[in-house]
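Below are two complexes that have subunit A in common, paired first with subunit B and then with subunit C.
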Partner chain A sequence: MRAAAVDWRLAAPLGIVYLALFAAPLLLLLGISLHVDQDLQQWGLDNWTKFWGDAFYRGVVWDTLRLGVAAVLATSLFAWPLAVFFCNASPRTQKILIFIILLPLLTSVVIRTFAWIVILAREGLVNQVVLSLGLSATPLRLLQTETGLILALMQIEMPLMLLPLISVMRGLDPNLLDASRALGAGMWRGFFRVILPLSLPGWIAGATLVFASACTAFISQSVIGGARLVYLPSLIWQQAMVVYDWPFAAVCSVTLLLTVLAGIMMLNWLGRYARTD
Partner chain B sequence: MASRRLFLAGMAGALAAPSIARASGPMTAAIYPGTWDEAYREVVAPLLRQRHNVNVAFEPLFAVDQVAKVRAARGVAPFDCFVLDPGPAAAARQAGLFEPIDPKLITNAGKLPDGMLIADSATVNVQVVGICYNPKKFPEPPKSWADLFRSPYVERLGLTGFQTTFGTVSLIEMAKVFGGSITNVEPIFAKLREVLPKVAAVSTPAALPGLFQQGQIDIMYTNTNNAATLKARGVDIAFVAPSEGAITFATTLHIVKGAENKANAHRYIDVALSADAQSKLQLSPFNMIPVNKDVQLTPNLDIKSLDELSKMVTHDWNVINPRRAAWIDRFNREITK
Partner chain C sequence: MSQRRTFADQSFSLVFGGLTLLGLLILVGPVFIVLITSFTTSASLKFPPPELSLRWYQALFDTTRSAHIHRAAGNSLWVAGMATLGASILAVLAALAIGRSRRPAARALEASFLSPLILPSLAYGLATLMFFSLLGLRPSLTHLIGGHLVVIAPFVFRTTLATVTQLEPALLESSASLGAGRFMTFRRITLPLIAPGIFAGAFLAFVASMDNVPVSLFLSSARTDMLPIRMWGMMESTLDVRVAAVSGVLILAIMVLMFLMDRLTGLTRRMSL
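Let's look at the complex of A and B:
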């Protein structure tokens, strides 16, 4: 009982800071979204019905969540093999690998994003290679497509997936894989039956980070995706900063928050199954 | 106990720090990020210190962000001076965010063309908007707004919407070419629908120069500043005024309602208007078209004299502002894949 009281007081400073700087603004945001007019005088649900009653805006929500899922799938596809390779590499190689993995985190998001313009543009790196190899007669359209955006997000978000995955896989008992091999499982079977289930908690942590970060990657979405791909973050910016329709921008913001949160909670829910094996 | 006192002292220090930083610069001016920020730090700030012993602190914010910030502050001026484009300026005026400017305190008032210094606004620079193209790819430049929508130009065109001043006024002029007007932009939307599958890119305004530099697009509509900046970096780019006439609009300085340092704000505006400042601001890499009649225009500006401005196209933003939200929304819907 006494211990519990001390615990409460230890957590209080951070709790109060969170309450003041996190919960209060969120409530404010929710309050703004429940107004009808731009001067925030009249209460009402009009902006909520405007948003959800419109197929265009529902489409924007759907596209945003789909982008997050696509980024998770793309990073997973490359992160698992890379993590397996990492765990079996010599300490020296591991050091080099960790540097390469962390590299995207060490450069500013703006620079990373503009670097992808140089790579994906009509006269960019990829197209120069494709054209010189004769794989295509005309430059491929990569910039301002969803494929290009997912490709860029995959590199930008990769460390968020790899680091939790590696930290979990490093803790795995190497004997388990040996045992599966001794019992006749091949490489693929060993991966799917042993490594994959055991590393799932790491993947869930990584997937949560990648999903949330890809759904809200304002700069990458607007610079690489271009204006023809409309996602919630750019819609929020436009409504708040260009159109000045704060209630509607608040509706978009709360929607983004809740939908991304729903995705994260689903991953968490998945995590409960992963841990009770 | 001592540590708690230390902690409290630290907290007090942390809370006091912003106000100390604010007091040390006897004024704060909002400034556009990028070129404007660099230019005003390098040219205007030293002149202001030298002439009036005023230290100006700059707060880099886009026009819409400045207005949003002052509106959000609800009466407590977060900075002393705005720098705005006509759209946000009209909105800010309507919201009553300006303090009057006393013309007696502006010694350079007589050096400006008529109408550039009014009750609450001082034009500090004009922008000229037209067509930019890559002369290596197109020896024969597009001649009119309508040409942008014809082959071979349309396939290399970078489009941008109604989010920026230059984007909005350009699209209005294109609408006019196809039979529309400032209140009826329907024709340009019809045209956009038709050419969307063909255009090289539809982009956010900030990404356009990068796309041009990387060869993703070879034609865009933008201001002469952007053209001159890219040219100075070695990009193949040339500016051409469309046959319908180039567009011009003013960038204006204003004093924020309830500003803490009104006297210094007047000094700041006066220095920015002075021939000394303006003759430096027109040079590369800033390329700002001056408004002070004593300044000799340099060739990088793509205009020969201030008299040309009177022949260019201008727009009434009190007409545009109420319609713009709907246009932006419409643009979103129609261009989305």
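Let's look at the complex of A and C:
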């Protein structure tokens, strides 16, 4: 059978809007990052060498990458058990579970970040529990720490990991697990040798989304991380809107783009490696 | 068949059951904590609240004291509505254009139309600011609509494409063989069949625009303030408890919308596919 051709007349409107409002601004960003002065008169790599020659800025890139990886690991820890639970649940329970997953996803990131301020603050929920159980004599400092930020990002990004993981795991043949059990494999072995490898494509799709959005979660990073923890997004905002150094802000932005792309390519590479294994 | 529950299997159930429970708690807990906090009498965010009242909702609905919040909410609704409308029209056309094609060109177009989902939109937000300023344009809601449109179009495109690829070609062919023109076939056959996908996508797009931070952060100004940016400002400076009340209103709105959309489009099925 002949595959239908692309109808270019129908694709053109969105294509043109994307060229004008998406591709053009991003190319402009790249162009501005290659300028030396703030009046954008002189071309040069000075801002790139300034960024990568400074240990502080290299540290910011490294911290941003680490934050993304930490968010992926933290969400994975809960996502797999939740996905297994989802697949074994009755259709009714599954419907409720989808609501439970979608509600936080559709609730504004600003609101979810705000919730974590209430939870992690000096007088917040965690400290109330810790103090009343006598686990600590003084309130713990959770806001403006990396631990607090990772905790918050774990909840904020969890639906992004869960949805693709669940959709892949639902397509798996339930007989596979039964077969592995009939052959004498325990639950742990069945999970690590059957479910985990087969659901890897879903995990990769989820990990890509979690990594990308954790790296760029400006509001959560600035509100929960505070001024002491600097990541690429807050650096971009500060350079563009406070210092007004556009070329340098552009360098930071292109670096963020490349950092996220590098992470996504790593994950895809991991996926291909896992499949040929 | 009798199954011997070994110690290892019990430990599996324990660990996975525990993580599942904790995971569920982590997922929904914060939303309800915000809801409860919004009814506090206190001017601090102490949890649990000492007493319950509607104090912060009254403050929020006060038209003079909260005028700036109302203006930001109005701007956000307008931008989200316009951007969703524009994105839906363009994305549905694009989905129809490539939906039934398996050629490499269709794959490439699909990937590029979905790319704003993955690319860090913060970099894109800054790029739009530079783009519009270098064109000599002053900040306006129109720019925000344009920026939001690009970021939210993939949501409509993805859900519509999923329904277009499932269209039965025989249906379209029989419509044509019965003498219906292209437009007639589209209006009477294609559109009703793909409508749930369009509505589900438009809903997600609208919510994404209402919540958008990365683009609004750079394109909004004092005059074109947007709700999430205003809320961020209120959280950063003094911890204004009205943020909790705004959150309460938005959470309730989302719950109602989710329920309606599930009835209309089977949103829950669509999201888990």
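In this text, the second predicted complex is superposed on the first by the 256 of 277 C-alpha atoms of A that agree within 3 Å, B and C clash if a C-alpha of one lies under 4 Å from a C-alpha of the other, contacts with A are read in each partner's own complex, and residues count from 1 in each chain.
To be clear about the criterion, a contact is a pair of C-beta atoms (placed from the backbone, for glycine too) under 8 Å apart; a residue touches a chain by one contact, two chains touch by 3 or more.
Keep in mind it's a predicted model, so treat the numbers as computed, not measured.
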In the superposed model built on subunit A, check whether subunit B and subunit C fit or clash. clash
Applying the document's definition of touch, where does A:267 land relative to subunit B and subunit C: first, second, both, or neither? neither
After lining up the shared chain so the two structures overlap, which partner does A:223 touch, if you call subunit B first and subunit C second: first, second, both or neither? both
One more residue to check, A:143. First (subunit B), second (subunit C), both or neither? first
Would you check which partner chain A:240 touches, where first means subunit B only, second means subunit C only, and both and neither mean what they say? both
Scan A:210 for contacts with subunit B and subunit C and give back first, second, both or neither. neither
After lining up the shared chain so the two structures overlap, which partner does A:123 touch, if you call subunit B first and subunit C second: first, second, both or neither? both
Who does A:24 touch here: subunit B (first), subunit C (second), both, or neither? second
Is A:114 contacted by the first partner subunit B, the second partner subunit C, both or neither? both
Using the superposition on chain A described above, determine whether A:56 touches subunit B (first), subunit C (second), both, or neither. first
In this superposed model, does subunit C or subunit B come into contact with more residues of subunit A? C
On subunit A, which stretch or stretches are contacted by subunit B in one complex as well as by subunit C in the other? 114, 117-118, 121, 123-124, 222-223, 240-241
In the complex, go through subunit B and note every residue touching subunit A. 62, 64-65, 67-68, 71, 91, 159-161, 163, 196, 200-204, 206-207, 210-211, 214-216, 324-325, 328-329, 332-333, 335-337
Complex contact set, residues of subunit A against subunit C: 3-11, 13-15, 17-18, 21-22, 24-26, 28-29, 32, 77-79, 81-82, 84-85, 94-95, 98-104, 106-119, 121, 123-125, 128, 154-155, 158-159, 163, 166-167, 170, 181, 186-188, 191, 208-209, 212, 215-216, 218-219, 222-223, 233, 236-237, 240-241, 246, 249-250, 253-254, 256-257, 260-261, 264
Inside the complex, what are the residues of subunit A that reach subunit B? 56, 59, 114, 117-118, 121-124, 143-144, 146, 222-223, 226-230, 234-235, 238, 240-245
What residues of subunit C sit close enough to touch subunit A in their complex? 3, 6, 8-9, 11-13, 15-17, 19-20, 22-24, 26-31, 33-34, 37, 44-48, 89-91, 93-94, 96-98, 100-103, 105-106, 109, 112-113, 116-124, 126-131, 134, 146-147, 149-150, 153, 157, 204, 207, 210-211, 213-214, 217-218, 228, 231-232, 235-236, 239, 243-244, 247, 250-251, 254-255, 257-258, 267-268, 271-273
